[in-house]
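Okay, got some structures for you below.
Both complexes below contain subunit A, partnered by subunit B and then by subunit C.
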Partner chain A sequence: MMTARTLLSRSAPLLACLGLLAIWQVAALILNTDSFPTALQAIRAIPSILGDKESLINILASLRRMAVGFGVAILVSIPLGLMMGRSRNVAAFFNPLLMITYPVPKAALMPIIMLWLGVGDVAKMLVIFLGVSLPVIYHSFQGAKAVEEKMLWSGAAMGLSAAQRMVRIVLPAALPEILAGCRTGLVLALITMITSEMIARQSGAGNILFNALDMGQYDTVFAMIIIVGAMGIGLDAAFERLRGRLVRWSEPRFDMPLSFA
Partner chain B sequence: MKAEMKVVPSRPVIQAEPERKPAIAMIEIDRVSQVFQTSARRDHLALSDISLTIGDGAFVAILGPSGCGKSTLLYIVGGFVKPTTGVARVKGNAITGPGPDRGPVFQEFALFPWKSVLGNVMYGPRQQGVRREEAEAQSRRLIEMVGLKGFEHFYPKELSGGMKQRVALARTLAYHPSVLLMDEPFGALDAHTRTRLQNDLLNIWERDRKTVLFVTHSVEEAVFLSDRVVVMTRSPGRIKEIVDIDLPRPRRRAELLLDPRYQKYVVDIERLIDDTGEEELRP
Partner chain C sequence: MNARAVTSDVLLGIVPIALLVALWQALASFGYAPATLLPPPGLVFTRLVQQLATSSYQQEIAATLFRLFAGFSIAVILGVAIGLAAATSPAVNAVVRPIVRVLAPLPKVALYPALLLLLGFGHESKITLVVADALFPILLSTYYGASMVEQKLIWSAMAAGTPRRQILFKVVLPAAVPSILTGCRIGLVISCIVVFLAEMITSTDGLGHVLVTAARTFQAVDMFVPLITISLLGLILNGLLQAVRSYLLRGFPEV
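Up next, the complex of A and B:
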């Protein structure tokens, strides 16, 4: 049975979307300029983009680069972050490096990377990789550092080797924190994906967007913004579902602990 | 009930099984000292020249104020901390690291939060290669023994402190350590829960009489539970005196609290601990 309240809280994101579109619609009607199409005009342009084979190939190519960059970044960053969290020497070596690179916008490196690797997939995937890896390393590091020593001792007493403790205790114990980093990383992957395509305009969703802007097709520009935004929301929601399944144990099933001595 | 309160020897394991060799030293602590470096780069002598022998099946409490190094001593026996000098042995073998023959139970519970109660208890046996079905059946029995039947599929986060410590005890018992190392296990619990767990621990212990090293700062707890109380002083951590607790077993709280012998042990040991040592101030 779904009460009115749960129905309302479930549909809150949808209502927020509709509200935003309504404000957009009204604002565009009031302003009435070419460069700001109404929400309806933008939405009407979506099917023609998604129906176009060329655009679809472009968008899929973007997603593929993003997936590779994100995947490789996670595979490298989680082990590195965990090792930093458990070894003072590893942390001492990598920490200064991360502190310097963390605040640098990764897209700013794009011109140099393009110079070295060309404007193709590899350069863009590298930028995405750089954008994703830092938050994932940082969160894995924090998560591993916070693992209770006594939990590791308990594992050691059961006969787990140092490597087994890393994989079977540090990794699961730090997982909520790691996944928080991955969630940030996923959004950053999307951002760096679009930015890299803005700079190296050759293919991809970012390329469609900026080509349309050059040609003054503002409804297409806004339609692409909606599409990219929807992709972000969809990816984030999918990831949250996965995260919820993986770390259900860290969320209490009951508001209060059961009273039982 | 009163009539049955015959005087039982304090360590009846030896008498009950005469075919067994006379009391082997389960744990030997041989001139162990521990020096820590404080943040000010000053050396802090946490344990100074500790020697102690614990026989098989003995319940020994290590009693002392905070900062007397009693937990450190337990960690050295556990193999979690290397002593600066001296050596600790278990069954005659020098301790070089943790092992399943010495099972710790910590004040912080240290349960695996991503595992259910059953998953936590099964972890040790599974690690030791026990088949899943067998490990599960065994673990379910242990969970029932510590009074948590029905909670097998709960996660640690859903349990109260007392329940968590019950799980921790079951998890450690599940891999059959020869020695239980209990590090202020009931220190984080409220008085009522603490009392219940003390009673239950004694009941469980009296079934198989494992060797227990029990660190506490509660005099009553030490006297109530153990055969011997090792009284420590701090700065540096030294053994002040070892008191044999000659009280009958099985012990029943209601009877013991009224027993003048119990009361005398408590008062005597409290007197041993000097007033300055009782302050809960760490250096």
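Up next, the complex of A and C:
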């Protein structure tokens, strides 16, 4: 009986997906307008997008930009956040700046950055970098702030230098919180990527969406939404697995990140 | 923390902002960046003040604020209601949990084209997008806040004779308020961002539209003005929410 139970709880997200698709299907059948295809029609349009060489290249290029922007953001933000968490002065230095940039929509910087850097990859990666870095800095900051002083004192008493304490005590102790920030950052990278492509209308997954919308290919629009949604859910699930391995010792406080800002 | 430490913190915090503005000014005045690409800060801020005084710009702000508040309020009502229901009823929890698990990491902005097709290009599609984005942080923090209410509090209330249905509103909801407000704060910033982006993607009014119009005509000054405005709006709204928080939580220990 127990196995049936765990099986049910394992497959619950899958059932939820199917349920949502079923609701969509019924709603579309009831509304019955051209601009709202049924779930089945949309799913049937997916292979033609993924089979088309040009859109596949576009989507892969988007993902590559996202990976670079996300990677660089993490490499910069984690050390900065950890230092802010351990030094009051560093925190006081950066906090107001971060506070005023927090409500700025990062993808909205796209037109200005394009003006400076052109329409190439660099502009898009920079926007993704900006979008990802704030939550990662914030979570690393919180994580480093909460490290127990006693552990740092013991480390210092055993002759660890400040830099060694940072890498061998603060980093592992703050890791669960850092990874929570990275998880938010990963979803944000995808969101920023899609949004900036929707605004810039140059190439990429977001552009395919709006091109299809402009041309009235509604099943392509909805198929693309399914693809993007699946990317979000898939990336999040994959990261969850990785996180589970890295910090098996720490029970997550929340099993879902709160801030997809 | 004493007053002197606070002042020195504030002074230290102004430094990077001042440096950034100085760098901006230097780039502009030493001719590294032409004014068509990077207008000097003085020009941008005088333009901002000018614009804020005109009624047409005020109307754009009003349009943005209307969508923002409509979306945010609906998200708060739905989020708190669903979050409380999921925390108190196992049956609701079993349904809500997997659905939230699937929908929360979904990039909601990808739904925008679908919302445009279903709800049209007016307010409705933008408000719905704001709701979709702001809902989850509020829902999740309500849920976590309500499910972490100390059992002792509930037992005491029951022992004191509180009817079962009132426990939700007299014990669980007040105890979850700090967590709910944290969720609201995240949701509010998200609402600011999303409403602006939605207006940038397709709109005929609002601050986002002002930015897109300026970008199409390469008016760099007018591109900065709406960005600074939305940032200021975000800070002001955040401050207001902070005031509401300290009013609502006046009896609570430091949270």
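Here, the second predicted complex is superposed on the first by the 249 of 261 C-alpha atoms of A that agree within 3 Å, B and C clash if a C-alpha of one lies under 4 Å from a C-alpha of the other, contacts with A are read in each partner's own complex, and residues count from 1 in each chain.
Going forward, a contact is a pair of C-beta atoms (placed from the backbone, for glycine too) under 8 Å apart; a residue touches a chain by one contact, two chains touch by 3 or more.
Computed from a predicted structure; not experimentally measured.
By the touch criterion stated above, A:Leu7 is placed in contact with neither subunit B nor subunit C. When the shared chain is aligned, subunit B comes close enough to touch A:Ser154, but subunit C does not.
In the overlay built on the shared chain, the residue A:Pro172 is in contact with subunit B alone; subunit C does not reach it.
Once the two complexes are laid over each other on the shared chain, residue contacts for A:Val26 go to neither subunit B nor subunit C.
By the document's definition of touching, neither partner reaches A:Leu18: not subunit B, not subunit C. By the document's definition of touching, of the two partners only subunit C reaches A:Ile233; subunit B does not. Put subunit B and subunit C next to each other and count what each touches on subunit A; the higher total goes to C. In the three-chain superposition model, subunit A touches both subunit B and subunit C at residues 254, 258-261. Those residues of subunit B lying in contact with subunit A across their complex are 75, 78-80, 97-100, 102-104, 106, 108, 110-115, 123-124, 127-128, 154-160, 162-163, 171-172, 175, 177, 192-193, 196-197. Subunit A contributes residues 12-13, 15-17, 19-20, 35-36, 88-89, 92-97, 99-109, 111-112, 115-116, 187, 190-191, 194-195, 198-199, 206, 209-210, 212-213, 218, 221-222, 224-225, 228-229, 231-233, 235-236, 254, 256, 258-261 to its touches with subunit C in the complex. Touching subunit A in their complex are the following residues of subunit C: 8-10, 12-17, 20, 37-38, 94, 97-114, 116-118, 133, 136-137, 140-141, 144, 182-183, 186, 189-190, 192-194, 196-197, 200-201, 208, 211-212, 215, 218, 220, 223-224, 227, 230-231, 233-235, 238. Residues of subunit A touching subunit B in their complex: 148, 150-151, 153-154, 156-160, 169, 172-173, 175, 247, 249-254, 257-261.
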